[in-house]
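Sharing a structure below in structure tokens format, with a few things to ask.
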Amino acid sequence: MEWFVNIVSGLCLVIGSLFAVIGGLGVLRLPDFYTRMHGAGITDTMGAGLILVGLMFQGGFSLVTVKLLMILCVLLTTSPTASHALAKSALHFGLEPRVVEKEAGS
Amino acid sequence: MFVTAVAAIIVTMSLALLRATLGPTVFDRILALNVFGTKTVLLIAVMGFLTGRPDFLDLALLYALLNFIGVIAVLRFSKYGHFADPELGR
Amino acid sequence: MIQAIDILVLALLACTAVSVVRMRSLWAAVMLTGIYSFLGAGWMLVLDAPDVAFTEASVGAGIATILMLSTLALTSTEMKRPAASPVFPLLIVGVTGAALCYGTLDMPHFGDPNSPIHQHVAPEYLKDAVPTVHQKELKVGIGNIVTTVLASYRGYDTLGETVVIFTAGLGVLLLLQGPRKAGGSDGREEGAP
Amino acid sequence: MKHSLALGTTLFGVWLLWSGHYTPLLIGCGLVSCLLVVLLSRRMEILDEETAPVHLGLRPFIYYAPWLVKEIVLANIDVAWRILQPRMPIQPTIVRVKASQQGEIGRVIFANSITLTPGTVSIDMEGDIITVHALTREAAEFEESGEMDRRVTKLEVPD
């Protein structure tokens, strides 16, 4: 049982690290500010989420796991709020997003 | 595997740092700061497990809150503090 | 392994410091200072000093960033080119740095149990803060050793420090708020766009 | 009263889980500070459905969260794959989505879910129209299909 938990948590940690790095690459490579936000989104959801879940498996049934769960909850609720506030103030500041076609819908 | 996670987090930190240095607009830099803050939280959590004493998770949570409040404060500031910004050139 | 992480984090710190210095745009420099504080706090934590790390994060990344931003709003956001030549300041900085490096040679190794700091008062503090088998009741009655030292042994000292910092903060706030009142609107009413 | 009770219980539960010290004195301190927070928020009159959304109950966690996690994972893999390709096949698009939720909290959940899914970020909100920046055309089409909107709206209406 022990090795199984270890393998699962190791997988979570490694995949999470992979996604974190990919998100960082996205923040660096994507062409303009609004697209870079999507890269940051990857690190915040999949990267942070999987790494914290991997740590939770290591923590077992203890207060440590509860704390990790709370950190995850806080990250998942605050990061979209901060992103939205950032994007909104960029938009109102006059930073135009680059799009392939204006007003695809509506 | 903790080592992998720490290495990945530090690599992501350097990428965010690069973006903060290059970032043509103010908002790119704030975004990089936000990513950096999240990575610090993760680094603290993983470091706790790597050294075998996961007692500092309270600090990680406080950093997460601080990061959020910091970003919101900076944004409030960039909204109300009127500066003629030379950086908006894309 | 921990040492490799130390070195990596320190290298990142150095990179951040260099880019802060090279930045012409002060806005960017402030953001990078925030990043520097986060890194510094992380590194303190790696070195097992969570209290210092927490102070660094809240003061460095939180309050200092906001104070610098509010200063920027009152002045210019672009750095002027320095008028004097940078050779003399560089010399001073180089000499000071070398002296500091020379000074570290005399310091005991990090975590050395035989260093004076671990021989002098630390055992006394530890005896009062950590319950042992022989001594269930604590002398001070506070479970955390840092709190014991700060709030009990050095209580007046801490009170004085807090008062000084509070006064300084008040002063800075008053200074920063002065001119904005004169401008008429302080922007509080423009909540909803 | 319902809101005060919900907030107080949550605060005290969180306090218990985080403190790790269970002596009568410390638990008493925690209880007093929780009560103080509840009293202060009552006095500030910020205690309403927004700060303590009791009317939603546990439905968001049971019906909505699993679906959202699935969507987030799928979107993550898609966006990560696009970032990794050398040419980065992205088509940044802006669409406007109508939020059909009644309450503020429902709209907040909807807008935050959009942002939480990589590939779409809600960048503006006026009334019930949310402006969404999408990384790819498929992501934009998914938002326009309104599935997420319907699921969030279902949370608000008690069965």
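Each chain carries a letter (A, B, C and D) given by its place in the written order, and its residues are counted from 1.
As a working rule, contacts are C-beta pairs under 8 Å (C-beta built on N, C-alpha and C of every residue); 3 or more make two chains touch, one makes a residue touch a chain.
Just so you know, these numbers come straight off a predicted model, no measurement behind them.
Chain B has its Cα centroid nearest to the centroid of all protein Cα atoms in the structure. Mean C-alpha position of chain A lies 12 Å from that of chain B.
Inter-chain spacing, taken between the CA centroids of chain A and chain D, is 15 Å. For the pair chain B and chain D, the distance between mean C-alpha positions equals 21 Å.
Separating the centre of chain C from that of chain D, both taken as means of CA atoms, is a distance of 34 Å. Each of residues 23, 25, 32, 37, 67, 70, 79, 81, 83, 90, 92 in chain A touches at least two other chains. Looking at chain C, one finds that none of its residues touch two or more other chains. Across the assembly, chain D contributes 18 as residues in contact with two or more other chains. Chain contact topology: the protein chains form an open path, each linked only to its neighbours in the line. The list of touching chain pairs reads A-B, A-D, B-C. Residue ranges of chain B in contact with chain C, taken from their complex: 3, 6, 10, 13-14, 16-17, 20-21, 23, 26, 29-30, 32-33, 36-37, 40, 43-44, 47, 50-51, 56, 59, 62-63, 66-67, 69-70, 73-74, 77-83, 85-87. Of all residues in chain B, only 1-2, 4-5, 7-9, 11-13, 15-16, 18-19, 25, 27-28, 30-32, 34-35, 38-39, 41-42, 45-46, 49, 54, 57-58, 60-61, 64-65, 67-68, 71-72, 75, 78-79, 88, 90 touch chain A in the complex they form. Interface residues of chain D facing chain A in the complex, by the touch rule stated above, are 14, 17-18, 20, 72-73, 76, 79-80, 83-84, 88, 90-96, 111-113, 115-125, 131, 133, 135, 137, 140, 144.
Across the complex, chain D is touched by residues 19, 22-23, 25-26, 29-32, 34-35, 37-39, 41-42, 45-46, 63, 66-67, 70, 76-77, 79-81, 83-84, 87-88, 90-91, 97-106 of chain A.
Residues of chain A that touch chain B in their complex: 9-10, 13-14, 16-18, 20-21, 23-25, 27-28, 32-33, 36-37, 40, 43-44, 47-48, 51-52, 54-55, 58-59, 64, 67-68, 70-71, 74-75, 78-79, 81-83, 85-86, 89-90, 92-95.
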